[in-house]
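What follows is a short report on a single structure.
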Amino acid sequence: MQHKSEILKNNPLGDRHIRDVIVYLPPDYDENKSYPSDYVLTGFTGRGRMLLNDSAFTPNFAERMDKLISTGKIKPMIAVLPDCFTHYGGSQYINSSATGDYEDYLINEIVPFVDENFRTIKDKSARAVMGKSSGGYGALIMAMRHSDVFGLACSTSGDCYFNYCYLPDFPKAFRAVKGYPKKLVEKFWNEDAKKAKDDFAALNIIGMSACYSPNTESELGFDLPFDLETGEIISNVLARWMRHDPVFIAEKYAENLKSLKLLYIDAGTKDEFALDLGARILSGKLNELKIPHIYEEFDDGHFNIGYRQNRSLELISENIEYR
Amino acid sequence: MQHKSEILKNNPLGDRHIRDVIVYLPPDYDENKSYPSDYVLTGFTGRGRMLLNDSAFTPNFAERMDKLISTGKIKPMIAVLPDCFTHYGGSQYINSSATGDYEDYLINEIVPFVDENFRTIKDKSARAVMGKSSGGYGALIMAMRHSDVFGLACSTSGDCYFNYCYLPDFPKAFRAVKGYPKKLVEKFWNEDAKKAKDDFAALNIIGMSACYSPNTESELGFDLPFDLETGEIISNVLARWMRHDPVFIAEKYAENLKSLKLLYIDAGTKDEFALDLGARILSGKLNELKIPHIYEEFDDGHFNIGYRQNRSLELISENIEYR
Amino acid sequence: MQHKSEILKNNPLGDRHIRDVIVYLPPDYDENKSYPSDYVLTGFTGRGRMLLNDSAFTPNFAERMDKLISTGKIKPMIAVLPDCFTHYGGSQYINSSATGDYEDYLINEIVPFVDENFRTIKDKSARAVMGKSSGGYGALIMAMRHSDVFGLACSTSGDCYFNYCYLPDFPKAFRAVKGYPKKLVEKFWNEDAKKAKDDFAALNIIGMSACYSPNTESELGFDLPFDLETGEIISNVLARWMRHDPVFIAEKYAENLKSLKLLYIDAGTKDEFALDLGARILSGKLNELKIPHIYEEFDDGHFNIGYRQNRSLELISENIEYR
Amino acid sequence: MQHKSEILKNNPLGDRHIRDVIVYLPPDYDENKSYPSDYVLTGFTGRGRMLLNDSAFTPNFAERMDKLISTGKIKPMIAVLPDCFTHYGGSQYINSSATGDYEDYLINEIVPFVDENFRTIKDKSARAVMGKSSGGYGALIMAMRHSDVFGLACSTSGDCYFNYCYLPDFPKAFRAVKGYPKKLVEKFWNEDAKKAKDDFAALNIIGMSACYSPNTESELGFDLPFDLETGEIISNVLARWMRHDPVFIAEKYAENLKSLKLLYIDAGTKDEFALDLGARILSGKLNELKIPHIYEEFDDGHFNIGYRQNRSLELISENIEYR
């Protein structure tokens, strides 16, 4: 279905404000019944539609849902696959003057839009959010700031503890950017241009800068966390990033997090961005704050772990409200 | 569109015989006109539908076509994206007692089916075939054996010179298979099972064995090119493979190849399977045989080279018959 | 020559206090003349003797000196290759309650010992120090704290800007250490034990901890910069490390650095530990402090760059005092 | 000790004919006793002296021997570390018009020279040969062709089954050579020239060509196994290589191999050159030929496996003749 956003209209990057909102309906969807809903957030450089991509051997998200429901592993649910992609590769599902107000878009436009058009149970206890990588980050943010909307949240390999998941990429980004961040981004939009390995690290750091350290007064629209001439970390920019790190803001939102019916965190012990450590450290903070949650590790890396959705979906199915 | 195959019915692997045939129609497709058609073959582990997968930054095949046509870089064409995927990952677009008769399927069922249902120009001079990797191999096979059907063929990084593109993977495959080829294949169909790097090499060699050295009398249905206990090459099996190597069969089909309106071969100079050498060696043979063709190299590897489709499509557009 | 150290006697790790001091004498060494001397410090896990290792194609340090002197590229010099290796892999050439007082050992024992036994010019203007990696770090430390002893210093890819050269290895070290730092070290002393890739990162971080954050009250003898249970950075330990980072202590020793006859810093633009950024950032600080120095980059990584010694040796030869 | 070779005099590459012959003597070497002797052959790009290189954590060859003897794990032996290095990186310990007659050098000059100058037991039953990689290959060649000189042979990861250990490197070598093999070799002798990863594969293939397919009539002095323009394998050159492959010549020397007191073959199951498969295939052939031998695998790769010397040395000690 197409949705015309007022919030994304005139977004600073000129990204489209009319976007597909992909909604998965369970096999025997019945207009006379009501269903819980699950919002599935994709990682950086992703958007909802990609979850339906065809792939050899492994099911896409819709096929996965069909199978889990038909085998009774989960109960029927509606799933929503929003599109929060931007010119810089993503939005982290938060508001930023450099990218657009994607947090508002999701909460104030997409959720109501889905509730209006589909037979959802319109209550936080029947509304979940889950995601992987930046999508896991988004799920954590929703859990922290919008526990009145989402009563359950699952983060798989979600961005956490920025000192480990982003900082080690600063030198790579510095080298790839070579002083010109916009040029690096354009490279990605030029299909013929060859992307080197470090270019992905650079795009990631640029994208995160646009989300975490926007600056309407800078030429770029945001501040990079390192000096473009020497590569030295700019500590006040990094400090602004830290105000978005789940590890450091969990305390602020402790009451919200405590109100959740489910908070699930997992990550692979070979995660290339050390997000298993991020998850461990976050879990430690949650324990200190006496916030109930489930923390699990699995023996894999950051990529090709779609099968982990099963675990989140099963936990959501167990804990979400049905009528 | 769905097509019900008689040829694939009862195929040895129990793969579906009712399959999607994805047909791309140009923007202003007019039922009163006729269009040339282009068959696009995917690589190993691929099928037509994947060409429509959504991807950040880069267009999918339909978006690419729309753009090339709308900017006047190519003339309007119908494109056909067939599905020749099998339980072993692919069919190489040839007949095999171990996988099914995919060459017949394509030539005797899909081409007529498309010609019946769409406004194609029903002539070899207006019918092209192109593909990448195993799809490039398929295009070469079509060019060699079915030049009466396809008058133009483009192979990008097509499987060529098996001594370089497959043989170096035998040791990896031997290690990964550990004596049990079927078990290795099942691993790929079990989403939770972790695939190690060498497992992909093993799947590839198993898939190629099913295509190149089928054996109805062996328990597996095909012969592997190496001994399962020591890893030693079994020379008569390898010899059977060689009878499928474009480099060695080009001579046999020289007249057919000479009859083509276009034969285009390209490969990246960093191809991970040394297919640039394969293309070079093939081009050398074609020169010896005085078979007209265009051979080009590009500065890239084997993966993420969708942008190379533009070059094939432009050459096809220039050389294919329009009315 | 063997030297019996009083300072290393009873060092906390039980490392030998009688050590070889390898002294290179120029081809026509003449007992009646005096020569400038150059101290060459090796990287982590190295010791002087290794500079004489035989290698295919490339000269060892003595062969390099012979050739540079015989071709007139440098003037005759004495070179000293000290051994500051420890059970943890190195000493960073500084004093530490966890490893031993290697800074004192070098300054108070080795320099006088060499001056006594060889025909050196006994003046800072005729005494240089150079090194690579941890040896480059050592050279910087000598330049900062012992400019009365060494009047010239060259650091190639010296440890600098710990946020980039060490911090990214914390997650790898955390995973490899698995809670038991001593066990990890013992693995290195057990030849049969297989070392995984991350084990080297772990040894490095352990070694640096022993040098930068010794703690006589901890069981280990030093503090690791991360929590052994969650991997979280322990900020006060990291702060103690920073007090050893050349980038942050340059200011303190600015007067000493200004007194040098030569301060040379280089690093490769593909350095695996981002030490080119470290060098760039250090050079920026030195410029701010108006400390004269030469800063150069070269197109290579961190390893197999012995040929860079030529550049340091030539600069030393040009600037060191001869009589 | 220095030895002046008549055989290497005027060798085609202008390599030195006066070379060090490094002889290890056991701790309590007694001129009145006689000792068995063990010849230790190094891998490609190695020479005897390198076995004495200093290394952190691991003993060099002499330290290893001292320790094994002093702990009673092996009996006292003399060890000989010859130098068969060439301008192309090695000699494979065989005669070649392109490199020199290193097989003769070893058998006709070095063995007699050692027997003359040291208290060896001058009998094949008291003379062993061992080595790793190309040194393992050398040990196998000595075992096959000179079982009258060496009664015991141990090959660790010795070059075997060229289809797997060399052929996969042909494409890399083709790309690196770029039509000019000599230029590639010169790159290695120019310390400042950066060596890319494929350059090592190229040097290896060039070195092997000089050993296996010398040709006094070609400009290079040898034939490469692939076409310099297309990369295609030149089958008659490859056939000449095969006449040096232990797997294919074992039969010819079966009687010699049967006469050995010890024939030991091992390799790591992660060997980067698939030499574990080479060893497995060779062991299979030896079994068919009823040649007694010990075959073992270990869990490691091709590099940094000096600790495997212990196993060879212990087997030699058990089986060699003492008086």
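For reference, chains read A, B, C and D in written order, and residue numbers begin at 1 within each chain.
The rule is short, and it goes like this: a residue touches a chain if its C-beta (ideal position, glycine included) is under 8 Å from a C-beta of that chain, and two chains touch if they have at least 3 such contacts.
Nothing here was measured: the structure is a model prediction, and the numbers come from that model.
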item	value
Chains in simultaneous contact with chain B and chain D	none
Steps needed, at fewest, to go from chain A to chain C via touching chains	1
Rounded Å distance between chain A and chain D, as computed from the means of their C-alpha atoms	56
Gap in Å, rounded to a whole number, between the CA centres of chain B and chain A	36
Which pairs of chains touch, using the document's own definition	A-B, A-C, B-D, C-D
Of chain B, residues touching chain A in the complex	45-47, 49-50, 52-59, 85, 89, 188-189, 191-192, 194, 299-300, 306-307
Of all residues in chain D, those that touch chain B in their complex	161, 163-164, 167-168, 170-171, 174-175, 229-233, 269, 274, 277, 280-281, 283-284
